[in-house]
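Okay, got some structures for you below.
Note that chain A is present in both complexes that follow, paired respectively with chain B and with chain C.
After this line comes the complex of A and B, so read on.
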């Protein structure tokens, strides 16, 4: 996970009890909230969208090397479930091994894409999904290089609102904004 | 139990059931017939010319079954101790002259048993006199205390306190006993008072809290010879609250039972723990050292603090450590 901007870990990250699931329910609630906020902030700052439970422990996010503390997989799952409950995570598989971290909701992504299209005079033109994702024009946008499936879901949402149409062309996917 | 040779009726073998220490049944394993093992006490020296086996155990093998029945009868007979009933008539018979054979040996055993009984009661007499002596010592110490008090001017305060503490460590001078109390209830009330009175100061010294195990040891050490059972201590301590004594029983959620000073309430415990945690994160061991309480109690204090949201835990390979709860305070 290469850092795109300087990310500062919150104070909790250097507080050893942060890495132990707290048995006191009041304390645990605050602990899980702090973790949720940290994950969302971290993913946003690093422009990450997908979490893999199996690989999570090796991320510096869940493993503080200087403290020699690591969050257990069970606790990570508990936090992810909390994120799902608050609408910030959607599982990609039934086994709950991989999921999208929605530091922006699908609807918000849709709005963002639509505004970009309108602002850049792309309405009634067809752009390829590749251009939207990796094109020069979107380099400064938050959706640049985002997960392709997630973007397609945002476009689907726009389609439902009759603001866009997804077109399949020779195996490539294009989109037309209205 | 008597064995007789089928061919030669004059040849016999016998086992006195009083020698049986333990009956052990060995269920049959693969290819083995069931067995009964009798563990025997060493035979007493016999005056009569009978060959005595020195074997320490005896094994019966039941090739054709019947073990259960045999075992039941044998146990029954041993439990009845019929040989004791023979004591009377045999003794008189013995006086009239020699009697050889089983009765003779039994009589001999009887006399020996009597001797042993006498020895035991002698031993107890010794204990009794020791207890009397202890009472005298206590009385003497009382006299000493009065003398010390009267001569206070001549002896420095330091010496007085020292001597007093020596005398105090001699223990409770008049321990409450069940025998001396009119009813169990009164006995437990008195015992509760005694424990409370004797442990208030040690409790203050050890941070206001002491496990019941420690209480039990201290109480009995102070009592010296008139020991009380753990159950009695527990029952007495249960009464303390209702009697409004300065100490009372505290049962932690984990089941740990402790004696605490009444003014040593939960809030005080939590405050103390919190203060200690503010200095540095602590394991139960470290808190025990800081506050001078036992490790078990230190752990309970930390768990209580955690439950109240004052502390939070850090579990790692280094062990369980507690921190001030910064989740809540920040």
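After this line comes the complex of A and C, so read on.
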């Protein structure tokens, strides 16, 4: 499993006007596409899953300190909306303040979890959600330490496909794969 | 007196006519010699080309010098894809093929860079698309020659010379206006320029400067940057093609 490869910012990150929303619509389209791609790569490389609009500006991703340039909150929202449109973001709240950045779709996560369970002989046994997330056995997996709610969304998808069952056991959550 | 005078004049005219004939004879003789030696040179050049066919094809420096030698006697081995030179060397095809690839690459990237690409970037993209073996021995000089040939097809392609030997390839149909060209040259050092700087550098009126800059933003050639710090009203106009030429990356 290729774990955290060194992340390199694309050239645009050092191009000062990249941080100003472009008035020309064609140029703006290029700009939003480049930002979308950058966000997905950055989140994937850093194994991040949740974006918080209020805190985004303090991330080095949106604020290039050496250039003294940062994206406005309005522009960040515009880019996030673009990500939502292409299926790479799901809002967690109606106010659109927090969202999951889906560098893998929920279905992809579901497939990945299921494959791991089958490959590791976990079918028909119960494992805890905690072990799936933080256990030794999953340390090399992309879903290791991922957002718990997002993982539950993926498990839910597996449940619908009758490939897993989520079980609640005195406050803990367990999963049985079939 | 009068008769003798006329006789003298006639004699002088006769002399002049003879001298002229003689002079023409000499000139004709020289011309004949010159064209024989030119012919000899051409034959030698052909022999040379025949003998060094492989070096010409494979070694870019050799190829460049050969081209210069041809140019000095008015032979253009690329002028057409038919004829001795191209049949002999196949270099007509070589540049023809290169030209097609250049057009493809420029068209595919026009929407990104507004039709202006640094020569190095074009070269790297060419090498990438040809593969490392096929592009062995390809030089930027060849790319420039192929572009010169593309000009025959219309004004779609041109070469913009910047300072310190940097070169931009422009592939937007219809040339950059003279004004736009001047803006690019004025902005080349920082890859950006403000309205004020432009006015000072080129001595233009504000309206003219503003219009050209707005046109370049509208054409996708320039990006605006409003976070310049000092005074907010001073928008910086950035040129991605120049920026990439400066940092020399893809």
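The rule we apply is simple: the second predicted complex is superposed on the first by the 173 of 178 C-alpha atoms of A that agree within 3 Å, B and C clash if a C-alpha of one lies under 4 Å from a C-alpha of the other, contacts with A are read in each partner's own complex, and residues count from 1 in each chain.
To be clear about the criterion, contacts are C-beta pairs under 8 Å (C-beta built on N, C-alpha and C of every residue); 3 or more make two chains touch, one makes a residue touch a chain.
What you see is a predicted model, and the numbers here were worked out from it, not measured in a lab.
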item	value
Joint occupancy of chain A by chain B and chain C, clash or fit	clash
Chain B versus chain C as contact partner of A:148, first or second or both or neither	neither
Chain B versus chain C as contact partner of A:14, first or second or both or neither	second
First (chain B), second (chain C), both or neither touched by A:22	both
Touched partner set for A:69, first chain B, second chain C, both or neither	both
First (chain B), second (chain C), both or neither touched by A:120	neither
Which of chain B and chain C A:45 touches, first, second, both or neither	neither
First (chain B), second (chain C), both or neither touched by A:30	both
Clashing chain B stretch [against chain C; choices 80-88, 170-178 or 278-286]	278-286
Chain B and chain C contact sites that coincide on chain A, given as residue numbers	11, 15-17, 19-20, 22-24, 26-27, 30-31, 68-69
Residue ranges of chain B touching chain A (in the complex, touch as defined)	281, 306-307, 309, 312-316, 321, 323, 325-328, 330
Complex interface listing, chain C residues touching chain A	111-112, 192, 217-218, 220, 223-227, 229, 236, 238, 240, 243-244, 247, 249-250
Of all residues in chain A, those that touch chain C in their complex	11, 14-20, 22-24, 26-27, 30-31, 68-70
Of all residues in chain A, those that touch chain B in their complex	11-12, 15-17, 19-20, 22-24, 26-27, 30-31, 34, 68-69
